[in-house]
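Each in structure tokens, the structures are laid out below.
You will see two complexes here that share chain A, one where it goes with chain B and one where it goes with chain C.
Take a look at the complex of A and B:
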């Protein structure tokens, strides 16, 4: 590999190979020794760095018959100069819940991609999919057939339900309040049509976090964030609190004094928590996992409307259902999802995310339309403008 | 698959659109189900979803109106969508509810250089011809060029469109297909019909007005 002579000179990219860190340039060069597409990618990327602009363009639609999504057509604006990447389509493969693979499965994924594509991967894309970078229109159907025969399927793209993703929850984490992977798998299988056949005003992302730590950043990255929580009291093991003291922890300085709602006290012997004031920041549980555990009555908080900036600015999701049980067959959350899709699907504008739709119609109207009761906890602070009148005032008159 | 989608799918399988139009009055989710069925693995059902959307537009233009922008967008989706059947759906909506599409023919011609959308765009132009005679006549030269495509389905679709427009300027291009024995399948009257390209061209020629 080392004596492979690259077709294109890449002095700027070469800089990115220096230093102790992993380098994507190094990896693309390794691939380029076997795959001309990767070679072309190096050439075009160097040119982009030099000219400070991208040369990828959306030049046409590509896809698999019977699917409306899953392949993203990408073309080079410099196809003549870098013919190896004239067409460089992306294929999204639906990842397993929690991103657990056997080494055999990974080999299968890579072998098929070596056969039909550039050999380059993005593991994983921000949607959660196993992303394959770089193939041509002619190879798509055969590529898909091979993946399908090996038991894999395409992920979501476009105005569909994007591939749901979740943290690895109960498989590896003691904070998980429900089985995130079971829910993720169930939703993926239940909504195959919505995943593969775009019929919404715009994309709809579901991300599932097992606890309020929200390691998958569902609150910021998904239209529907399902975040584990508990209803009852944080479980306290007072003996383990003492063990932390003996190990050198200053509980007042490091734990109770850091509580954002000041709902904890430590008198040197006993930990007390006013659970009604707890806002699930998770600081105490994260730092004293042996002494503090989430409650026993677990489920999830449902938040709606998170998104990154495209048409409107970035939005964090808003709490719509403070607590929902989260056990198979997950009927309650499915009923909720259906209500969201019915209201937004029928009334959302083209390319309007559900969070933008909520802003347009108003959170009150949105809540009413999906049949959920407003909750005082949704109000950030009392109104500042005395000239706003509520409907009730008019009704009283 | 949702119960509603299954029900709509069942009606399309039997080619019965009336229950779909009744169903949509009670449940507007039918519209979303039809859009989803535009990407169904079954080719005939995809086309029948096109027909159903056209009829829905005729009966309930208010329900079809929001779809127009969405379908146009899907023809140029940069985020990984492919509106395989969006052009035919637009064609059918415009045929039954011309008021919903204005200046719609010229934008469709843009997709004649998209291999994945070409045949469907031609079919749509053919379906739009009765509702937009002047606009479709304007694009006859571009459509006629498609008679030289390497793909028999594209040649047949171009012939269908040219016949529907009925402009005599298409005569030379259609005559050029007189010996084309390649089989090509087009959607016609609720069925997928396979004929030789020369037969599609012959039918189109018979519909041309005198130049």
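Take a look at the complex of A and C:
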């Protein structure tokens, strides 16, 4: 690599090869030593750094036969100057649940990408996909064929169900209240058509977290957040509580004193928890995992409508079903998803996320349309304004 | 040439084939975990089996050779197994504790630091920026690189009161969903789109373009006998949604684009409920290649938080406890007109109380 002479001079980007954090510029140069497309990217990116603006044009319609999603067209505004990146499309490969790989699988993914693309990638994209950056329209079919024959498939894009993603759940976490990876894989396989052929008003993201720590940010980043929880009692190992004390923990200051519902006490000998008042926040379990474990009657809280600002402002997903059992074959959550899609698919406006749709029609009306009874867990507090649209009233006889 | 044979809708490979044997055997029966040192943890199963994890950094935008480097380390030290986290870290997993230090030494040879667990700054989640997007107001990978160069001690050590999650999105679309981060760097446009009247007719559908605007600032218009649109500039909040519908309305403006800084968001439910990030700094200039104004501002925010928050308190919990007026006092940041919300439901963010600290 050291011997390779790059086609474009990049004095500004070269500054980003310095410093202790791994450098993406070094990575682009590694790819550029073998493939002209990455070389072109260096040239165009240096221009962006000089001019302080992007030179990528709006995406175009490109895709794979039989698919309506998974490829994002990308063209350069400086195609004559940097012909290597005149077309530089993205391919989204559906990641395995929990982002687990073997070295062999990663090498296969890389070998195919070196054959058909720039040799550059994001591991992973924001939605969860294994994201390949930079190929041309002509190469797409052959590229996809190689991936498909190796056992991989495309992820979502556009107005479809986006690639579901999940935390590592029961594979390597004692906090997991259900099998997130089994559910993620099941939903992905069940809804291949919805994933690959956009037919919704807008995008629909599903993220699955095994507990209320929400390591996949499902409440902020997904239209449907499935978050593990439990109904029964936190399991306490009193001897392990003592062990934490011996290791230097101040249980009153750090644990019981920080409990948001003040439902637990520590008298120096015994940990007591009033589970009826516990709101499943996870603080005590997070910091005393050897002593405290979530209950055994587990399932998930279902929240709907999270999204980033465009259009109507950012929203966190909000509670629709406080508790739903979450065991294979996952029939109840699938029925629920189908109801969401039926109501929103039928009545949602173009480019209207389900969270915006809920607010437009009224969350009470929305709950009614999907058959969910009103529940005080759905709101921070009851309404404060008196503008009630009464549906029941008396007529004079 | 006839199209090669292939199937559609096979879906991703089943995850089970990628699991380390210790994980497969103890799936769903993990009992607890402990941190052995920064970036290294052990999970212990009911069976007594242990799986050791080493969390390593990644620049997210990588070459296939970088992935091959990781694969080789997984072969050498981890029985061929690894995974990635939601913050783009690479996690190596091994059943043998003796593999940990040689693995960390090999990672160091490649210039890859280990850390990002517990009370640290983990990898910064981010978007594409100038590398590969059509609406960015700043670069993503570059800003993240200079921030992590500056903050790397907070990645490799656990010296903060609680975890501190930093995110960057290069425009309001927020592919990186930064709106619930402890510290968010958000690219911002500050001028309305420029309508290229000659091209609107060919490139854009007028009704879709008009309806794309959340503030109804876009109206149909006729210019030189051609259908186009006009923008009421006083109503535009530079979201870029019209540009995504209509490529003839570019928003990029090199002398005005820049970044804003937001603080105090979180997604976990621990102690307090999930919260949005709040505006700390409305505008900092794009100053590539190393954005010194941005790294200075973020470092200052980190240091003030680290000095004043109590153990386990996230950034937003600290700011809420002391009150936002005190936050501005401690950080020395200017509180401006821009900090007062003027969009929908803004009234909910006003302080209606005489409880004031002096």
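Here is the rule we use: the second predicted complex is superposed on the first by the 382 of 397 C-alpha atoms of A that agree within 3 Å, B and C clash if a C-alpha of one lies under 4 Å from a C-alpha of the other, contacts with A are read in each partner's own complex, and residues count from 1 in each chain.
In this text, a residue touches a chain if its C-beta (ideal position, glycine included) is under 8 Å from a C-beta of that chain, and two chains touch if they have at least 3 such contacts.
All figures in this text were calculated on a predicted structure; none of them were measured in a lab.
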*If chain A is used to align the two complexes, do chain B and chain C fit next to each other or clash?*
fit
*Who does A:351 touch here: chain B (first), chain C (second), both, or neither?*
both
*asked:* If we overlay the two complexes on their shared chain A, which of chain B and chain C does A:335 touch? Say first, second, both or neither.
replied: neither
*Between chain B (first) and chain C (second), which does A:232 come into contact with in this model arrangement: first, second, both, or neither?*
neither
*Looking at the overlay, what does A:199 touch: chain B (first), chain C (second), both, or neither?*
first
*See if chain A has more residues touched by chain B or by chain C, and give me that chain.*
C
*Kindly classify A:138 by the partners it touches after superposition: chain B alone (first), chain C alone (second), both, or neither?*
neither
*Which of the two partners, first being chain B and second being chain C, lies in contact with A:217: first, second, both, or neither?*
second
*asked:* After the superposition on A, what does A:71 contact: first (chain B), second (chain C), both or neither?
replied: first
*Applying the touch criterion given at the start, work out whether A:95 contacts chain B, chain C, both or neither, answering first, second, both or neither.*
second
*With the two complexes superposed on chain A, say which partner A:277 touches: chain B (first), chain C (second), both, or neither.*
neither
*What angle, rounded to a multiple of 10°, is defined by the Cα centres of chain B, chain A and chain C, with the middle one as vertex?*
110
*In the superposed model, how near does chain B get to chain C, counting Cα atoms only, in Å?*
5
*Intersection of the chain A residues that touch chain B with those that touch chain C*: 58, 65-67, 90, 192-193, 196, 350-351
*chain A touches which residues of chain B in the complex?*
1-2, 5, 28-29, 31-33, 35-41, 43, 66, 69-70, 73-84, 114-117
*Quick one: in the complex, what on chain A touches chain C?*
12-13, 15-16, 18-25, 27-28, 30-31, 38, 41, 45, 48-49, 51-59, 65-67, 74, 88, 90, 94-107, 109-111, 113-114, 119-124, 126, 128, 133-134, 141-142, 144-145, 148-149, 151-153, 165, 167-168, 170-174, 176, 179, 181, 185, 188-189, 192-193, 196, 212-221, 253-254, 258, 260, 280-283, 286-287, 289-290, 293, 308-314, 316, 350-351
*Residues of chain C that touch chain A when the two form their complex*: 3-15, 17-19, 23, 27-28, 30-34, 43, 51, 53, 57-68, 70-72, 74-75, 80-86, 88, 90, 93, 111-113, 125, 127, 129-136, 139, 141-142, 145-146, 148-149, 152, 169, 172-177, 179-180, 208, 211-212, 214, 239-241, 243-244, 247, 252-255, 257, 265, 267-272, 274, 276, 286, 288-290, 311-312, 343-345
*asked:* For the complex, give me every residue of chain A touching chain B.
replied: 58, 60-63, 65-73, 90, 92, 137, 157-160, 192-194, 196-201, 203, 338, 341-342, 345-346, 349-351
